[in-house]
Amino acid sequence: MSEEQEPVTRIITPVKVDYEYTPGVTSERFLLGLKQGKLLGAACDECGRVYIPPRGACPRCAVPTSKIRELAHKGTIITLTIVRVPSDNIDVELPYCAASILLDGADISMTGLIQECPFEEVRIGMRVEAVWKPEAEWDPAHR
Amino acid sequence: MSDPSAVGEPQLTAAHTLEYAYKRSLGPVLSRFFTGLRDKRIQGVKTGAGQVLVPPAEYDPATGEATTDEFVDVGPGGVVTSWAWVANPRAKHPLDHPFAFALVQLDGADTSLLHVVDTGDESSMSTGMRVKAKWADETIGQIQDIASFVPEEAS
Amino acid sequence: MRDVAIVSYSQTPYVRSERVRNEVEMLMPVIDAVVEQSGIARREIGFTCSGSTDYLAGQSFSFVMAVDAVGAWPPIKESHVEMDGAWALYEAWVKIQCGEVDSALAFSFGRSSMGETAETLALQTDPYTVAPLCPDTISMAALQARVGLDKGLFSERDMAEVAARCRRAAKDNPEAQLKGDFDVDKLLAEPYLVSPLRKHDCPPISDGAAAIVIAAGDLAKQVSKKPVWIRGIDHRLDSHQLGSRDLSLSPSTELAGKKAGVAQGPIDFAELHAPFSHQELILRRALGLADDVLVNPSGGPLAANPIMSAGLARIGEASRRIAAGKGQRAVAHATSGPCLQQNLVCVLEG
Amino acid sequence: MAEHAAVVGIGQTKYDAKRLDVSQPGLVREAAIRALEDAGLEWKDIDAVVIGKAPDMFEGVMMPELFLAEALGGVGKPMLRVHTAGSVGGSTAIVAASLVQAGIHERVLTVSYEKQSESNAMWALSIKMPFAVAMVAGAGGFFAPLIRGYMQRSGAPEDTGIRVALKDRQNALKNQYAHLQMPDISFDMIANSPMLWDPIRYLETCPSSDGACAMVIADAKHTKASGRPAAWIHATNMKTEPTLFAGRDQVMPQAGLDCSAELYKKAGIQNPRAEIDCAEIYVPFSWFEPMWMENLHFAPINEGWKMTYEGATAIDGDMPVNMSGGVLSSNAIGASGMIRFAEAAMQVRGQAGEHQIEGAKKALGHAYGGGSQYFSMWIVGDQPL
């Protein structure tokens, strides 16, 4: 029997949807801050807790975080993982260490890559410092 | 309380695309339909009440019961039961020149198939007109194997 | 059944594009306002349910971010439907009917402007035999309109009159988007967009959010001077295959209308989720509305069509009008799916 | 006010990496038909359908319930589509139950599914958005740091996760529907499997499955008239908290603690470990078993791992957990929560076959989703509460 005679049991249907994405008022301020080498958090209008990266609201209070706070480039590792699985959405060389870092002055941790240190030495409670890419490579995507 | 305003323009915008080529397993009924299309046959399936559904469905809209395993050849000619003239096709539409989306009731079918009719201009379209399937140059087992429907007398 | 009333409604002003604010920023003021107006403290609201879709936001789990705008701390009873907010309201109403809670917040949101919504909605169709052809919503609605026109159920002039009337009515609605006086003859002289639909037969693209707070009998009377009672609410589904339906009819609307008790009293006005002009004419018939019933005094979806909120907004607009004393008994309707596939009908009374 | 409601029919598909033999309608239908047959009912007996699934991008169909109308006998009926992330299968069952408890409908069909073979779960779960640099891949990348946080604070032995995985994989061998069937599974095999997202090893993670689960929920009148074993719904609960906020304990979320405490109160349970006979809980990565044992008040904080260690959660333990093999053995994401709820109901109906807990009278079904922020749970019993 030729291949032609095999029944069709599966079809491929490409789906492509295009968007023009905008990040929102607060995220935009944070991203523009990165362009200037600044880590801009935002404090909740009600409870004053500082969020970074800010997403527009303090989820505890459901009010905007409109007070901008420039934060230090140093912080403490809260927890971490070593990633050894590839993924389409990640362009970092494997394996790598992703950690939750609580920046000094912030009330919520942000995720960052831990580099320049062997994985086995990375531990919870460790102090770390942000290292910026060469300015020429800065774009609104942060690291 | 400050209320970020909706006016003005954002400083940062970015293109974002969701793209994936989904692989869809067909099950027995649709497998038969798409295999038929590849072989340039259009098949409908009979419901328990004897209605012929095109495109064939696994389940009867009227009762929710499974359709029968009786398939019948329909078309390739049929009647336009409704149509919408697309004067300015979108990039994702099957044809790049003006055409009609149409519901076509194929000869032997009790329901209509949603597809496109290619007549060149709107004035040659009418409800009740006879059309017939025009096959794609290469048929592989997909709905686009029917390139379009064209007026029967013109073919 | 418990008596349940709408005690407050709020929405964003509908605009072509919310490009500056993200979904959370768009939602916060709306939820703030609806909670404030409800007279019920935020922490006292028993249940929250939202309606939205990932395909508008372009990301999976997009409803999760909306929780940031609600104030879900301490943790709240909360749910989400991947449907128009009208169905979120339905789930909230069910929760009150269970006796589990006495009040609930339902809201919905979406930024249609980020994508090409007419094409995105084609992803609702059968993924095997239909979606690969990308029948955009305007083309599918045009197929439906043609069936009604061919059957002589309405004319293109009737359709233009619907559009002109809705946009004239929208002049009184500060939150509507597309409004003004249009001459029907001039509209009919315009070229077709996708024949038999002209531009005026189609809804604008709108971004926005809407929210409603409902409460059970005693609580509603206690917090609101003008509770608007939900006397009946029901929703039904038609077949998905356009080619196996009579597109000039809406049997699911008819059935939902019966179940919701539309005919059990006089209807002063209706808010119908008819994004295309001819759909108002189909829905009117399916609901058995008399010719003199005022439809879409808010302007309706032809004046602003925030996808995922347009249905909830019909219920909200109707409640607002009743609370303002401009009617005693109204029907509100929401739809979902290609060519009015799924429909919800809600009967409201002052 | 609230009517009694009970599960009177349950249907599951065989879970598999690729169910290439069925379409999406065929997949949901397979579970639905089995649930109807189990209940001794026909399509016309069903008043409404409640369907749940995870993101539409898994299958690339927007609101697929619309095109599944025929397959679920939904034409002319009310149909609701629930989506609450990973907890969705549980939430969907709860919405269906509430339609009966509210006295709105008498018999409701609820279905949840995922057909992950149509795309790639990792892609659909972690779509790269503009302006955000993705640093975690899929759910594993998100949950691994939380597990490390738990290990640190509880001092649990490092092989706790391996023991959970071994137990669940052995349980799966007793469940004909389970996706992963590994007859030669061993402690060493799991311990030696590759580390994916440290500390999560390959064999400590859930698979990607195609599958559907369905239940028929009926009111007391129809349940009694059916003459079939019923799982009476004693209590349901749902709780949500935001994903990220200052001061959030992501390892031991308050929403889960509150959800279960309220659930037990509603069900009249004072001592959950003593009064509940068995539990099906949402454990997509092995370490979530000890974490949830604490979150569900079965064990004191930081001591959940002891239950695993002492064998309490084994199928012959005093608090059997995931007798079916759990999410670690079958993970059709949108259905995974409902499978937990259904498996709990199967236990009290005495229909769990080889993985039946003898004499189970009260069982817990549990699901969670998002960033450990959405919780849905129910308690079912062999008698009405």
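By written order: A, B, C and D. Residues from 1 in each chain.
To be clear about the criterion, a residue touches a chain if its C-beta (ideal position, glycine included) is under 8 Å from a C-beta of that chain, and two chains touch if they have at least 3 such contacts.
Note that the structure is predicted; figures quoted are calculated from it, not measured.
The chain with its CA mean position farthest from that of subunit A is B. With centres defined as mean CA coordinates, subunit C is found 36 Å away from subunit A. With each centre defined as the average position of its C-alpha atoms, the distance from subunit B to subunit C rounds to 28 Å.
Computed from the mean C-alpha positions, the centre of subunit C lies at a distance of 33 Å from the centre of subunit D. Touching of two or more other chains is recorded for residues 9-11, 13, 15, 17-27, 31, 55-56, 59-60, 63-64, 140 of subunit A. In subunit B, the residues that reach two or more other chains under the touch definition are 1, 3-4, 10, 12-16, 18, 20, 22-26, 30, 34, 57, 61, 92, 142.
Contact of a single residue of subunit C with at least two other chains is seen at positions 19-21, 25, 28, 32, 55, 58, 65, 67-68, 72-73, 114, 116, 119-120, 123, 126-128, 131-132, 239-241. Taken pairwise by the contact criterion, the protein chains are fully connected, each one touching every other. On subunit B, the positions that touch subunit A within their shared complex are 1-4, 10-26, 31-32, 34-35, 37-38, 92, 140-142. Contacts from subunit D toward subunit A in the complex involve residues 20, 60, 120, 122-123, 126-138, 140-141, 144-146, 148-149, 152, 194-200, 242-248.
Across the complex, subunit B is touched by residues 12-13, 15, 18-21, 25-26, 28-29, 32, 58, 114, 116, 119, 122, 126-130, 132-136, 139-140, 142-144, 146-147, 150, 191-197, 239-244, 247 of subunit C. Residues 12, 14-16, 18, 20, 22-30, 57-66 of subunit B are the ones touching subunit D in the complex. Residues 9-10, 13, 15, 21, 23, 27, 31, 44, 47, 49-51, 55, 58-60, 78-90, 92, 98-100, 107-108, 111-113, 124, 140-143 of subunit A are the ones touching subunit D in the complex.
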